[in-house]
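Below you'll find the structures, each written out as structure tokens.
In what comes next, chain A is part of two complexes: it sits with chain B in the first one and with chain C in the second one.
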Partner chain A sequence: MKRYLILEDGTVFPGEGFGSSAITTGQLVVSNNRTGIEQSVTDPDAEGQIIAFTLPGIGSSGINRDFYESINYKCKGIVVGSTSAESVDNSIPFEEWVTSMNIPGIKNVDVRALSKYIFEHGEMKASIMDTHDEHAIDQIKALVLPSDLVKQVSTKQSYPNPNIGLKMVIIDLGLKYSILRQLSYRDCNSIIVNYNTTPEQVASLHPDGVIFSNGPGDPKDLPKVLENIKVLQKQFPILGIGLGSLLVAMANDCQITQLTKPHHESSLPVKEVASGKIDFVNHNHSYTIDQKSIGSSDFIVTDICVSDGSIEGIRHEYLPIISVLFEPEAAPGPTDGYYVFDEFIDLINSIKQQDWSR
Partner chain B sequence: MVVSGIHNILIIGPTNSDKNVDLSTALYDTADILHKLGYKTTIMVENPTALLSSSDFFDKIVVEKVNGENILNYIEQFRPDAILPTVGDKNALGIISGLNGKIAGTRVLGTDYFASLATFKRELFISKLNENDLPVINFISSDKEEELYDFIRSIGFPIIARRRFSNRHSSGWTNINNLFELDNFMALEDSSSAKIEIERSVRGFSEYSCTVVRDRFDNAALIGTIEDVEPIGIHHLDSNLISPALSLNDSKLQKLRNLAIKLARVFNIVGACTVHFAYNHKSNECYITEFIPRLSEETKFLEYATSYPLATVAVELNLGYQLDKLQLDSGNSFNGASEPFMDHITSRFPQWNSREQRYIGPSKTSDSSIIVSGFSIEEVFNKGPLNDKLNDTLNRYEQLHKMDDDQLFEKIIHSTNWMLDVLIEAIRRDFELPVLSEVTGINIPYLVALRNIKDNSAIIRDDEIDENNIEKLVGMGVKGLGYSKVLLDRDDIVTRTVVKSKKSISVNMDKLRQRNFFVTSGINNDLEFTDKNKIVVRSPIITSKKNILVRQFVLLQLVKSINQNGLEAIIIGREPWSSPLDVRNIAYEIADPHMELPHLNLIDDKAIFKIIDFSKTLSDEDMNNNEVFQISTQVIKSIDMKADLSMRIIVVSDGKSFTIPSVIYRKMVGDKSYEISSFNKFMTEREKNEIATIVKEELSQLNQINTYNFEFAFINGHWMITKISAGMNQDIIRHEIASSVHVIDTLVKLILGNTLEHDMSIEKIFQNDDKNFLVTINDQKFQSYNEEGIRKLLNDKINPQ
Partner chain C sequence: MAKEIIDGQTMTRALTRITYEIIERNKGIEDLVLVGIKTRGVFVAHRIESRLKQLENISIPVGELDITPYRDDVSADEKEKDVHEFKAEPLDFDVTNKHVILTDDVLYTGRTIRAAMDALMKSGRPKKISLAVLVDRGHRELPIRADFVGKNIPTSQREKIKVSMKEIDGEDKVEIE
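Up next, the complex of A and B:
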């Protein structure tokens, strides 16, 4: 069935519908991920998003439910170019899977033209619909996207991911399971808590370190979390990832800006400033830390994106805070960034050996 | 930043083999960047015409047999600071592995002795991989039955086995699936002195390759992945290749990426390295089968597929540059720290000269290849192997249609070069896809694509093509079929024929400039032209390795000349040209497998100054179009006469005057043939006058701007014409390189309206200021001589008194 991807400025991209036939609206994001459709679709970062995958032949490699990044969350819509009806490993066919997930999809779209358009005009709202008349466009324009995305994806109840090593409290802003997988590989005893958990409640869990996870939306919509960070960073080593990283920066008076060309690509190069070492890691963010504001803060830049020079990692000069905008847990993407978890654990261990009193 | 103390570099060039013509662009790019960065380079080659250039980039070209002895002699005599073995073929690495400890003062760039040796010595390769926990197919070579059986017990069946004889020859590999077959194999009385080699069989596994680059600071990036449509058991270069590898999910892709980078680290490879894998999707078994620590057909293909300038990057890494601080030009920085993203599929399809169906297996049999791009598997299949204009598929269909099911099944079991056609026929007869996948080892998504194509052709047969069934085809994911006329006029359909850039939209590739495009389907064009006047050059289809070289050379010279004369070149062909890096931004290149571009009206007719046709035949429409200028070879006269002494000349004519800037002289002496390029200087006045008179007479009837190839035989004391052809034939490279007059540039100038001098003297007509002369012995061995050397050769060997 013919369907249309309609952007809020009225631009129309025709295609063929698959998956759920419902009308859907969300923030349109163009993803240049090489692999990992199931990871991207189930990533809580994708809450409220329609994801346009530019990868060709989607579905050939199969769908593996073991790769899910969450159970309860998924993106609002999927836009693709070419697909394959069956996969190499005889797993559930891609389109059948999208239908089973009840996600509206549109295929055979000129995703090259779409990605070029978004690169030039910036990310915007979009809708997948059956018609493309003026009324439809007015509807999209009038729709206000929710600003409480983190509230929707953060766990309502705390839960443990038990192990025998260091105790981590993870502030769930839209946590990907792969962060837990990486912590488990390192024997970490993790407790995942709601994003509004107070510093007192966190402290009562006696963590060795606190992690502010990745998540969806604009960091400016989370003022309460900023206040919590200001308190917690004086008591515990902090690791910020993705949205968590932006919040850590903002809590320390850094400014946040929107990237001209957003980073939604499973393999972008990041350079460690101190050593010049280059790693390829998964990026999934539209915001970055303003270069100028870093100068007046107590942070030093540890990592930059080699492609556009934007800040990708910072470290506090006096406090044990590591923060990265990229996704060190990969999933999908190269595994070069795993070292961030090791560094954080090393940081905690080195502090434990010292008498860290403030 | 770079490795210090390197100023003079000896490049070990490729041997004189048709296999190596694919390296010509890489060699050109390597020499170009070394020249731009200020290095002094010498190249040792067997065939200097394979360099795609005269000596512009090289400070010295040594024409010798490329072997260890000659390389060692050169090093001892001239003491270069470094040698570069990674743009030669496998032979170059063989030479390096033999130089261990013999060249203390000269650094080996890119791939060292140990890594070179490991590409040849299987035992060394296996032990190094085992030592570093890299998965490798274990192997035994023994004449002791007990050891062999113990080994088989440790790895299980299936295995492959062969006998290695004391004269270093070996039998072919035999597939052994159980103890019974093993006992039969062992009982064969071939030779008691033979050693038996056994390894785990990976026949039927999927084959992948990953190409990585690594700098000396240990930064590494995955540049691209290639998937073989056919499984292990069919030679990689006889398989249909797809990039990116679509059937790898994230964990499999990251596993192969990490293994490839680890292997590059283990062998300390700085530069480019391609690692081949065998992967079983059912058991998730994965093995490294081979690594190629140099530029190769894979790197050429990936350079085209990804737009990443792999050859240029590799040599700069060899020199010690850091991955993110490279230069594409002197002073023009380039960030090579990129894992290129592909939003399209690029495929390489092998081609055979013969129309016959032939069996394929572990040994390479294809003669050339074509590369196509598209946005779906169906599209690249349609443009490449199933494109009737390239592969005579209608004839194949008719033949296959006559076979009964048993005959067809035999072709499915025993792979042939018609495999995709055979599978379409099988799908048409309702053979089940899982069965076909099991028997052929071809992964299901490719069979599904073939089924879509079959369904699509059913639609075409059943109905006239109209916008409704075009929509159905699009719905099946079948794109790029060549229905531009149907699709153009409709506003409300999903897709139409458009031209897209070969470069994906990505933060990573944002700053890379190039003008390579392909005709495909979509909603809008990526193509944007400048205001400059244009010359459209139609590029020919490649049918043999030799043609690749001629095409590369002529197109390169045309583009440079068109650019220097203030116009812009648009190269259009059924398949891409794979141009060198320095012309990718000055010429538009459009791959158009179904020749749809003329229907798209994208190029303003007023902006087209001329059309230079280098493809084989002109249409009736072209014949009547004065703007079309044909430069492919057209035979005008041919007489069957042979003589021991002959000459081949190129004539450049403006329709009134002409020059003969290059003469190739050929003489049989006993059973040896000698050919001397730029023979102008050694011709007598009488010979020049005689030739010029004949040429003048023949041209008076032709009266056109063009280049002409005249062949003469010396019979009964006179030069007689044996052949005349217009356009560019295979001699063009030797004429151009040998001649001090640039033939192609002169032709372009004439096409643009310039004329030659009138009433030229005989000296002026034959003017050639070359100081080096190329001699070819028995059409194989090249040698370079100065004037004195040629005179001595003529006196001593060719025309002894």
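Up next, the complex of A and C:
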């Protein structure tokens, strides 16, 4: 069935529908992921997003249903150039999977032209529809995207991920399960709480460290979380990931800007400033920390993106705060970034040792 | 049989972490000087210095300390031999009123560190001396502890810890045997 991807400025990309036949709208995100499609689509960051995958033969590595990053996936739509009917081992073919997930998809779209267009004009709203008449274009123009994405994905109720090691409280802004997997691997005793949990409630859980997770949307929509960070960072070691790291930066007077070329790629190189070491890590963010504002803050830049020089990791000079904009838990992508979790645990342990020996 | 317990990547990470901790706990790096204990402590000092330079864009002095004549854990014969070979190389900067960070590869009995402090005191009066080591293996014989530790490795006294560093051994690793 012929369907159309319509951008908010009226540009139309024709294609063929697959998956759900519902009309859908959302923020269009261009992703260069080749593998781990199931991880990208089930990532809570995809809340309210239509994801356009630029590489051909999407699904050729199979869809593994053991690799989900959330149960209640909220991806609004999938745009691809071509798909693959391949199914590997216990996986299911891509198109069949999209249908089973009830997500609208559109294929045979000129994704190269689309991604070029987006890089030139910036990220915008988009819609997958059956027609592309004036009425349809007016509709997408008039659409206001929700600004409470985090509220939609954050857990309503606290829940534990019990283990025997350090106690982590995770502020769920759109938590990916792979963060929990990495913490479980390191024996961390985690408690996951709603994003609006007060600092007093967090403190009453007596954590060794507090983690602000990844999540969807604009960090400027979450002023209350900023206030909470300001209180919590004086009491506990903090790790910020993705959206969480942007909030940590904002809480310490850094400015946030939009990337001209957003990072949605499972394998983008990042350089550790101190040692010059290069890691390939998963990125999924449209915002970055303003280079100028970091100079006057108490942060030092620990990691930069090699391809465009944007800030990817910061660390507070005096307080135990580590913050990375990329996604150290990978899923999808190479696992080079796992060390961030080790670093956070080392940081907590060294503080404990210091306190003890004093 | 030697068993590798720290690989190159972990060592790199440990040194980077020590660097962050030095920045954190000193509220900036003014007044800092690094003094490495020969041989591998010097390389540790240089690596920390290069990281500080990358991160803070400030170059801080690095000194080398030969503590052979101050040691109390070598036999008299050996010491005599060493003393003859030893040429007093004073630090080429003044440590008075500086915060000195002593660096070494392994912290064991603490006797090396005591000797290093003796040597350091001879050349001035530092405001403060801190200690950064790559590996703390325990079994202290003196009341000394490290302020910055790359990795705590509990050992028995029968075991040996061997640190290799790229600059002199061709690769980065720590082995136990």
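Here are some notes:
The rule we apply is simple: the second predicted complex is superposed on the first by the 353 of 358 C-alpha atoms of A that agree within 3 Å, B and C clash if a C-alpha of one lies under 4 Å from a C-alpha of the other, contacts with A are read in each partner's own complex, and residues count from 1 in each chain.
Methods note: a residue touches a chain if its C-beta (ideal position, glycine included) is under 8 Å from a C-beta of that chain, and two chains touch if they have at least 3 such contacts.
The shown structure was predicted, so the numbers you read here are calculated from the model rather than taken from an experiment.
Overlaying the two complexes via chain A leaves chain B and chain C side by side, clear of any clash. When both complexes are overlaid on chain A, the residue A:Gly276 reaches chain B and chain C alike. In the superposed model, A:Ile300 makes contact with chain C only, not with chain B. In the superposed model, A:Asp346 makes contact with chain C only, not with chain B. Once the two structures are overlaid, the count of chain A residues touched is higher for B than for its counterpart among chain B and chain C. When the shared chain is aligned, chain B comes close enough to touch A:Ser60, but chain C does not.
Legend: residue contacts after superposition of the two complexes on their common chain; A:Arg315 is shown touching chain C, with no touch to chain B. Panel annotation: after superposition on the shared chain A, the angle at the CA centre of chain A between chain B and chain C (CA centres) reads 80 degrees, nearest 10.
Superposition on chain A leaves chain B and chain C with their closest Cα atoms 9 Å from each other. In the superposition on chain A, the residues of chain A touched by chain B in one structure and by chain C in the other are 276-277.
Only residues 2, 13-16, 30, 32, 34-36, 39, 54-57, 59-62, 64, 67, 81-90, 107-108, 110-113, 115-116, 119, 261, 263, 265-269, 271, 276-278, 280, 305-308, 330-335 of chain A touch chain B when the two sit together in their complex. Interface residues of chain C, counted against chain A in their complex, comprise 12-13, 15-17, 19-21, 23-24, 27-28, 51, 54-56, 145, 149.
Those residues of chain B whose C-beta lies close enough to touch chain A in the complex are 206, 217-219, 221-222, 244, 246-254, 257-258, 281-282, 322-324, 335, 337-339, 341-345, 375-379, 433-434, 443-445, 448-449, 452, 471, 474-475, 477, 479, 492-495, 500, 504-508, 510, 521-524, 526. Taken in their complex, chain A has these residues touching chain C: 272-277, 300-302, 315-320, 339, 342-343, 346-347, 350, 353, 357.
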